[in-house]
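Each chain gets a letter, A, B, C and D, in the order it is written, and its residues are counted from 1.
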């Protein structure tokens, strides 16, 4: 039984606690730490049988019974806590992005080097039933050589302006999932990126120096072309579609809904909107990624999303920012 | 060039005139007769180059240049005019139903016997792209042996009460197309029928002794089971779907729409309603059936929908009426 | 915390154990009994923390700490154990059908009379996301007055012949879910039924005196017409669709699949087959029904599917058998 | 009755002849000219009642009875013949592109200036039922302010290498329709373009200095972002989809198929491929554009696709070529 400590008891920390409690066979959450621990959270944690509840995460790292930690704190603390955890001999599951800085991610890489510790980055969408089905079709050769990767990724609502300020911008905060997905779907890294973007949803976002609408094109290292379209606000909800087109055909997925019910009446034939947002849409994927993290520890295998994927996605995001700033295509090697 | 005369210049007569003018290669409409000919109709006919415009259809039958007649007059005249036309040596295309009486249809059969004249019944839906695709899949063995045939057939609006009175009731007027379709889709005749029906759309229909909603189950002679559901009024328009399920799989069709556009907004994801009614929905099939009728004449082959199909569908409709009246399953052989 | 005992550790008993362990807040499984208890099952139960593992269910009934029992044993024992459990003061969740005999179900009703005990029947499909969405649309008046209810219910594979022998036949074993669903979707009971059936899947089923393919039409007490089509073997998997058509429109659901991925290639555009069978398709509904059963106990409210629904569905199934035997429509009141 | 002359009796010239003969009320084709006139073509033309059949198009221009000409000759002759036709006082319908050179298109504009002659460019897709439905939804405000325009446009097969050489490249030959469509769908012109392209389908195309796969992003003058993805070969046929996303929602269209039939079997649920290529897919649009051209003449109104649209699309295509050559975003104003 793997003893797990969760650092950060916000929304995603709680999701992982539930996944491990209900759907992960060989793990149990022994401890949770959060600097803003309150009574409500404490009661929630206790209802899941969490034994040790702290405000200071260092107590988790100091507990020799803890095998693995989940880093669900704010992004700016990910890298430092990752390194501390590694040095304390813990396996690490780190939420995305690992950091906004390539140097800090490289420092995590260095800390990991030579240690037999597992490190997994929280790109949960790789474990989603739809996206996994695309990758499986690509791997099975059903569409031949990939030529075009298309991802539509639109949020139902923009975050509040205060969050945008610290988020690192749309590419490091939102599109980073899509960058990882583009790489995952055709099993390749990115060579070059160009961003066409605008502030169309809310001028307040522009005032933070960020954009809210973007079309991003990339050349993948395997020769395929990729395109992502993003909006911070889709009136109909969370739009999460993908498509890979290749020499022998195409594989595509559509949005998930609460039910397949369609109502035909004098207004037309109406189906449900997509599931509201990432918690509703990707709940199954959070459990699957956690299962695979624990499996990698138990079986001593490679975790499915390692530090290199964490690094690659941040590199792409930083190149995207540079493309916007300099209004030109940017090669990823420029950032190395 | 086949010279055609059209008897009856109502809605369906005009459709056939347009089909022959625009989409049928080897035929031309020389004459049209209608007892209620008016200036507007006359102008319409002349715009298509119709040379002879009559009130008396006998003038068409007397014209030795006419090769074929289309009988588009009221149902009660179909059988008598068919026989006159056959005796005048004309090929006949007769709108459905041939008649409400088995005896009269048999009289037409007798008139045809031994003559090398083509006789086609206007079951246009057999030529529809969707239904033809189902039959093609069945013929190709894609679903194996047919086990279940399902037809949904719902009109957008009931006819006016005056029409219902002379229509012979829902089974001879509306369902007759579905009866023919059930036979066509699995290439079999009907052995037994049971009708579960009600007056749910408009009490005025019930006052005419008719029903407006029905679920009809049949045993086909090839062993398959069939079910048709009918309503005289679907709020969302003309609902025309079919499905054949068999030992190896299922083939099914959905409704046609004006465009594939779907609008996603805060109310859901909304596509268009089905095309409004039979003229909008089945326009292509009217041209195809006419082409095949003319081809059968030109090439001296069997027309695709002969008098036997015309007889079978009326037999089923009469058995359906008997099932309602006697509240029991009825074998078609009871009516012979 | 409601202490639960499960009687019968077969497939469905295990499903309920998992639901209660992972997804039901206020309940825990204290005991499980099965006459054929083996080491594998015992290990499975222990991994979920089940304290008391018996071969004799009477030990569960005798345990004063047990609040509620789930009766997941073979159908022929349901009624007797239900009555014993009620007499022992336990709340009862009983798998469907309660029994094949109206008398025995009435005996359960009698046992329940005047006791403040909850009794729920395992019609899990009522809690399915798709079917619940249909009922919600009907309740919200979105389709107006219901006119036609259509259910397609086809299994991927027939059960083995030995099971068929004791199953009571297709109507009591398989269609019983669809009978309950027809009643549920339009919130009405059944007045009359007619069955059109055949042996098309496997002659061995016919040799047991059963059928494997059926089209069943019913008149509902609220005036709507209903139709169910069943097959014991759909080559493409478990086909579970429903539709309610009414004065203002229609609501319909389609099958669930593992993913929304479609592959377009030279063969066409291909999506996934339906989820394989009831465990894959209805897993969520098993958890939801269990949650509502526990909630009814905790809050002392009516369980969502009571003994009357259990009785009604068996009545319809028996009337269906009578319709086949006597080849005529049968009113349910004939069986009372 | 408008008398029409067709210059160029190739595939598209024949399509227009058929449209005018069968589906356009107020026009008739009097003359057709083609330098490569042969017996087969002559017989085809005669079967449609074409009176004057020439090898020299100047005879059409010299015929005072001809009101309008359709220029369906090779692209390099479009501009010169347009100018001659205008000078001869004929209304002109010119196939796309008007020319590869901005100067020559401007010369046509100059020739038109001050004359009361209609000039329409053959962007037939504007009249397609699906794309017209998107534009109608946008115009009706159903999606609010447009933010993102997405077009997928993939051919079933690349043209032969000899054609590619004279085609002006993918952007002037194939994407030009998509450029016009992007402008049409959101009723705006293009400000800037960036092209991400590759040779992935056939190295022979690369050897001609052309590309066969492209993702093209544009900024529209109204602020929306646009993206087009192109491939010269989709294994599953002609892929023609579009989507406009805006502040209030999204409207999208899917491919047309020969029928709506889907076959469910052990391999999945398979629908038909898209209609094969532009003649199959867009036949209705050719008739509609021709009707509107004739209507513009008859009613003396503006034709729906004028010389400015012809110019704009070529400008975008030339900017696209420049973007590929210089590997950077290009503003359209750079080309003026």
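What we mean here is this: a contact is a pair of C-beta atoms (placed from the backbone, for glycine too) under 8 Å apart; a residue touches a chain by one contact, two chains touch by 3 or more.
For clarity, every value in this text was computed on a predicted model and none was experimentally measured.
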Touching chain A and chain B alike are C, D
More contacting C-beta pairs: C-D or A-C? The answer is A-C
Computed over C-alpha atoms, the centroid farthest from that of chain D is that of chain C
Separation of the C-alpha centres, chain A versus chain D, in whole Å, is 42
The distance between the C-alpha centres of chain A and chain C, rounded to whole Å, is 39
Per the C-alpha centroid definition, the whole-Å distance linking chain C and chain D comes out as 58
The positions of chain C in contact with two or more other chains are 234-236, 239, 248-250, 264-266, 272
Chain A contacts chain B in the complex at 234-236, 239, 264-273
Per the touch rule, the chain B residues reaching chain C in their complex are 144-145, 147-148, 150, 152, 154, 194, 196-198, 200-201, 213-215, 217-219, 223-227, 229, 231, 233-236, 239, 245, 247-250, 327-329
In the complex, the residues of chain B that touch chain D are 22-23, 129-130, 132-134, 137, 142-143, 248-256, 258-266, 272
